[in-house]
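Just below sit the structures, each encoded as structure tokens.
Both complexes below contain subunit A, partnered by subunit B and then by subunit C.
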Partner chain A sequence: MARATTASRKLGLTLLAWTIGIVIFFPILWTALTSFKTEAEAIASPPSFIAFQWTLENYAEVQSRSDYALHFMNSVIISLGSTLVGLLIAVPAAWSMAFVPSRRTKDVLMWMLSTKMLPPVGVLIPIYLLFRDTGLLDSRTGLVIVLTLINLPIIVWMLFTYFREIPGEILEAARMDGAGLKAEILYVLLPMAVPGIASTLLLNVILAWNEAFWTLSLSASQSAPLTAFIASYSSPEGLFYAKLSAASTMAVAPILVLGWFSQKQLVRGLTFGAVK
Partner chain B sequence: MKCGLSLIGAAVAAFLGASAQAETLSIATVNNGDMIRMQKLAGHFTKAHPDITLNWVTLEENVLRQRVTTDIATKGGQYDILTIGTYEVPIWSKQKWLMPLDKLGSNYDADDLLPSIRSGLTIDGTLYAAPFYGESSMIMYRKDLFEKAGLTMPEAPTWTFIADAARKLTDKKAEVYGICLRGKAGWGENMAFLSAMANSFGARWFDMSWKPQFNTDAWKKTLTTYLGLMKDAGPPGASSNGFNENLALFQTGKCGMWIDATVAASFVSDPAQSKVADKVGYALAPDNGLGKRSNWLWAWTLAIPASSKKAEAAQSFIAWATSKDYLDLVAREEGWAHVPPGTRSSLYANADYRASAPFADLTLKSIQAADPTRPTVEEVPYTGVQFVAIPEFQGIGTAVGQAFSAALAGQMTADQALQSAQALTTREMTKAGYIK
Partner chain C sequence: MATAHSRAAARLTMAPAVVLLLGWMLIPLAMTLYFSFLRYNLLMPGSEEWIGTLNYEYFLTDPAFFAALGNTLALVGGVLALTLCGGILLALLLDQPFWGRGIVRLLVIAPFFVMPTVSALVWKNMLMNPVNGLFASLARALGLQPIDFLGEVPLSSIVMIVTWQWLPFATLILLTALQSLDRERLEAAEMDGAGALDRFIHIILPHLARAITVVTLIQTIFLLSVFAEILVTTNGGPGTATTNITYLVYALSLLQFDVGGGSAGGIVAVVLANIVAVFLMRMIGRNLDL
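Showing the complex of A and B:
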């Protein structure tokens, strides 16, 4: 009886998980399906799920109209660049907060997190003026700097949470064996923290890849990433849903594949420290 | 060796010389069919001007507006040519953010531009933006449904006729709705339609002392007519419907009538995307016999920001893209049906164009019927038909649009929406210093 209850509970939970998964994934699936329809079929009512005339014309049109390779490379450089620079700053910061905390460490961490609550548009004009005066408008360097600063609190928090799980005694032992600060971080801390750093890196690459406000506000033709590529297919007058869907599918596909292959690390990174 | 060095030197000098002469124009534009066509045909311009290269930045309208406004207000200088609307031109030119277009060339024929469009882009006798395409609004209706209901659409109907016809055409069981109108909140969404509709009911945004007028009978009649009509004969969920949503409904045969931008005519009459392409008729936007119809006036224009250092090249591009020759080029390459409408009188005198665009006459009449300098029955201190050409209008218009959209969704009554609109507009106009 108890076994039957457990089995039915498991089945119920599995069904619930699948339902939630399908509901969350459905918009992406629908976008991908729409990208293979004609514009007329994209707005047909009732909509057809599979039984429509499949076409690649939207992809051909998007490819001929836009420089996908340039936008893609910009996205790769901006998201990877900002994450790597962020890690370079965040690793020593998280180390000091985790292993040499001061009375104000908690306050500093909370303050860092509070900067994420500021609406970005509130600082758009000052940053725009700074970028104008330093020649960073429409440059990859400028976007790497901004996205590094935006994601830094999350990187520091994630690494801090992860570092706190590492016993301080191990680092102490390394110090007693004569390891300096550099050796302690490079040869003891980092190898133990590789899974945490990997999940931090992945999550921040995804966040930077999807960031739309700053990438749209500070780029023009040279540094525009895939967010601008999608925005260029949205039209207030005219139904170009199929083309917009093709552009969206092309933009999210790389990061979706990355997320699929690294889901274990991502889940681990997001849930680490939640249960002690 | 000496000879080799000289050759390298000459090559470097030639390269530097060429670089110094070549100019790259950065053009910010929207993703509308006509703009995309311009990008495709831009090779003709660069072929004739090999010293100029073009960089396109295409964005969604609201994103573009925010980006371009930030850039021009901070003198960022990221763009040499901007695609802006008739709302921005008078405001930005007064701020000295735009360069006057005074070098468009002797062949440009500015007198050929439609007077109502040109007047909205001219400040103190100087043209600050050149119209790329213009639009008004009109009624698109299903001739087959009208015939079935025993109705005949006049060329210039009244609101009473439209309201009556909409209710007769509605068959909710068959998912056919008598009328589809904008309901999505926004100064360029539902408020574009409702401001123009209010003009025909004798309402206005402000009196001559800039006092908001939402507490008048004219506004009450406007809003109650709109809400009643949409409740009885509108599609479900209309408070989320903008241009594209209504276009999809009309093209799939779910609307008996649709009052919206004249450019929609080319979409609904295109058999490749519209199920009802051969059944569409056109009529002027309705009125109430007060001398103003409920049609708006809008144009997408090309302008040069004052921060651009390539004004001469930019003017030559604008002259090309908004010229009569460009219209001929589009007709040659893509057909007359794809020529950007609503900017030049000569286009409407062209027999080939009139033959391929059955809505051409009504588009012209609608554009001519809208006067941005005298948009309302009573006198007003502002210009603009479906907007008020002051910087504060974007914020106020969207907030009022949210109240009216909430009333359409049934979240508040018409009276509550009007009271809310009156209160918030009075507060913002006082804060901005218009009301002393």
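Showing the complex of A and C:
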């Protein structure tokens, strides 16, 4: 009897949870399905879910009408570039915070975090003017610089929390054996910190890929990553649902897969260790 | 033991990160502050002059500012209420045993990874469009009049879109916190005859208090700066119905090229965000033992 209620309870919960999960996921699923329809079928009422003429023409069209590959590459270069530059700057900083802490370490960490809370509109105009005067407006370099700086606090914090889990004695032993600072970080710390660094990299690529304030404000046709490119569909001509869907599906799919892999690190990275 | 040598090295290795962030924060912020006291419009070059606090007076007495402040509060408050309530319920559900938990979890967190411009445009066109949208089809199938979401209830529609984006975040954090709950306490309470609601109010909710605070503060910081969703759906309209502070400052700065006015607005936004940030920093600082 007790077993039967448990089983039926589990069945009920399963139905409920799957229904809610599918409803929440539905806009993404619907976008993916629509990307394989013709424009006429995309606005058909009542809509068809599976029983339509599947086509790949939207994907070809999106590329031929507007250089989709260029914007995709912009996204890749900007998100990966800003993350790698950020790691390069953050690894030494996090090393010193984790292994040679001073009285001020905590203050520095907290101050770094506070820069993340600066609303972007507070510095929009100076950055815009500085970029205009230095030719960085609408350039991938400019966007890499901005995204490196806005994500640097998160990178330092995440690395710091991962480094702290590595016993400092190992690094000290290396130091006793005469390893220099560079050797200590490169050959002793980094190999042990690979999982932490990988998680940090993953989360920051995701954040940079989806960043939409600075990319929309500082890019035009040349350097526009996908966030800004997709925004051009807000003033379309003619039927465009299927093409919007194809462009969106390609923009979301790679990062969704990365996100699913990094879901555990997400909590850690986005709450700065405040929730465990 | 840290030697004097390694301390010097520590300062050196920290320098690039500190200097860059200091430059990123101080230089532009100082420039914004300076511009906010100038009459300075990019469309009228050469007419810059010091006008004291006039930009602030204009900005803070502009009806658009009050509209934007109200919209910002409604947007932040609405999304917070919905994501917290929804997040707690979802976290409780996902914590239960059922078949395919891992997959449902993936489905639920997926919207968080969708870039803001994509989610806004997909919702605006394919779901909320009063003629071709899916909701309109659904309404017609039920014999109802389709709603023009972004025309008739624009702010609520944006709250809905942003809620969809942030519900996964709230759920994931709350679920993580829930999983560290001591199961034996719950079982003991159940043996003592505490009902499900009692257990929720007296054991689960207090245990989640910290996570709820963190979600509230972190989301508030991001929600104060909601921008892309408004830009691609309504452009702040109709009128100023969906203009928040961030969008207002953006429009002043990069659409009207009013550097002075935009800077004053930017400084006001910084002050507002700081009020929230102080609480969040205290919270995280308390948790960080060095």
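Methods note: the second predicted complex is superposed on the first by the 211 of 276 C-alpha atoms of A that agree within 3 Å, B and C clash if a C-alpha of one lies under 4 Å from a C-alpha of the other, contacts with A are read in each partner's own complex, and residues count from 1 in each chain.
The rule is short, and it goes like this: a residue touches a chain if its C-beta (ideal position, glycine included) is under 8 Å from a C-beta of that chain, and two chains touch if they have at least 3 such contacts.
As the structure is a prediction and not an experimental result, all values here were calculated from the model.
K.L.:
Have a look at where A:Trp260 lands relative to subunit B and subunit C in the superposition and call it first, second, both or neither.
P.N.:
A:Trp260 sits against subunit C, while subunit B stays out of touch.
K.L.:
Touching A:Leu186 in the superposition: subunit B (first), subunit C (second), both, neither?
P.N.:
In the superposition, A:Leu186 touches no partner, neither subunit B nor subunit C.
K.L.:
Given the superposition on chain A, which partner contacts more residues in subunit A: subunit B or subunit C?
P.N.:
If we count touched residues of subunit A for both partners, the winner is C.
K.L.:
Once chain A of both complexes is superposed, is A:Ala220 in touch with subunit B (first), subunit C (second), both, or neither?
P.N.:
It touches subunit B, and subunit C stays clear.
K.L.:
State whether A:Ala231 touches subunit B only (first), subunit C only (second), both chains, or neither.
P.N.:
In the superposed model, A:Ala231 contacts both subunit B and subunit C.
K.L.:
Touching A:Asp138 in the superposition: subunit B (first), subunit C (second), both, neither?
P.N.:
A:Asp138: touches subunit B, not subunit C.
K.L.:
Return first, second, both or neither, reflecting whether A:Ala40 touches subunit B, subunit C, both chains, or no partner chain.
P.N.:
After superposition on chain A, A:Ala40 lies in contact with subunit B alone.
K.L.:
Using the superposition on chain A described above, determine whether A:Gly122 touches subunit B (first), subunit C (second), both, or neither.
P.N.:
second
K.L.:
Hey, what residues of subunit A end up touching subunit B and subunit C alike?
P.N.:
Residues 43, 45, 124-125, 128-129, 216-217, 228, 231, 233-234, 240, which sit in both footprints.
K.L.:
Spell out the part of subunit A that touches subunit C in their complex, as residue ranges.
P.N.:
Where subunit A meets subunit C, its residues are 10, 13-14, 16-18, 20-22, 24-25, 27-28, 30-31, 34, 42-43, 45-47, 89-90, 92-93, 95-97, 99-102, 105-106, 108-110, 112-115, 117-130, 149, 152-153, 156, 172, 175, 181, 206, 209-210, 212-213, 216-217, 226-228, 230-231, 233-234, 240-241, 244-245, 248, 251-252, 255-256, 258-260, 263, 266-267, 270-276.
K.L.:
Write out the stretch or stretches of subunit C touching subunit A in their complex.
P.N.:
1-2, 6-7, 9-11, 13-14, 16-18, 20-21, 24-25, 27-29, 31-32, 35, 90, 93-94, 96-101, 103-119, 121-127, 132, 134, 136-137, 140-141, 164, 167-169, 172-173, 176-177, 180, 210-211, 214, 218, 221, 224-225, 227-228, 231-233, 245-246, 249-250, 253-254, 259, 262-263, 265-267, 269-270, 272-274, 276-277, 280-281, 283-285, 287-288, 290
K.L.:
Which residues of subunit B touch subunit A in their complex?
P.N.:
It is residues 26, 28, 30-33, 36, 39, 55-63, 66-67, 70-71, 73-79, 188, 242-244, 247-248, 251-252, 254, 261, 263-264, 267, 272-275 of subunit B that touch subunit A.
K.L.:
Within their complex, state which residues of subunit A touch subunit B.
P.N.:
39-40, 43-45, 65, 124-125, 128-129, 132, 137-138, 216-217, 220-222, 224, 228, 231-240
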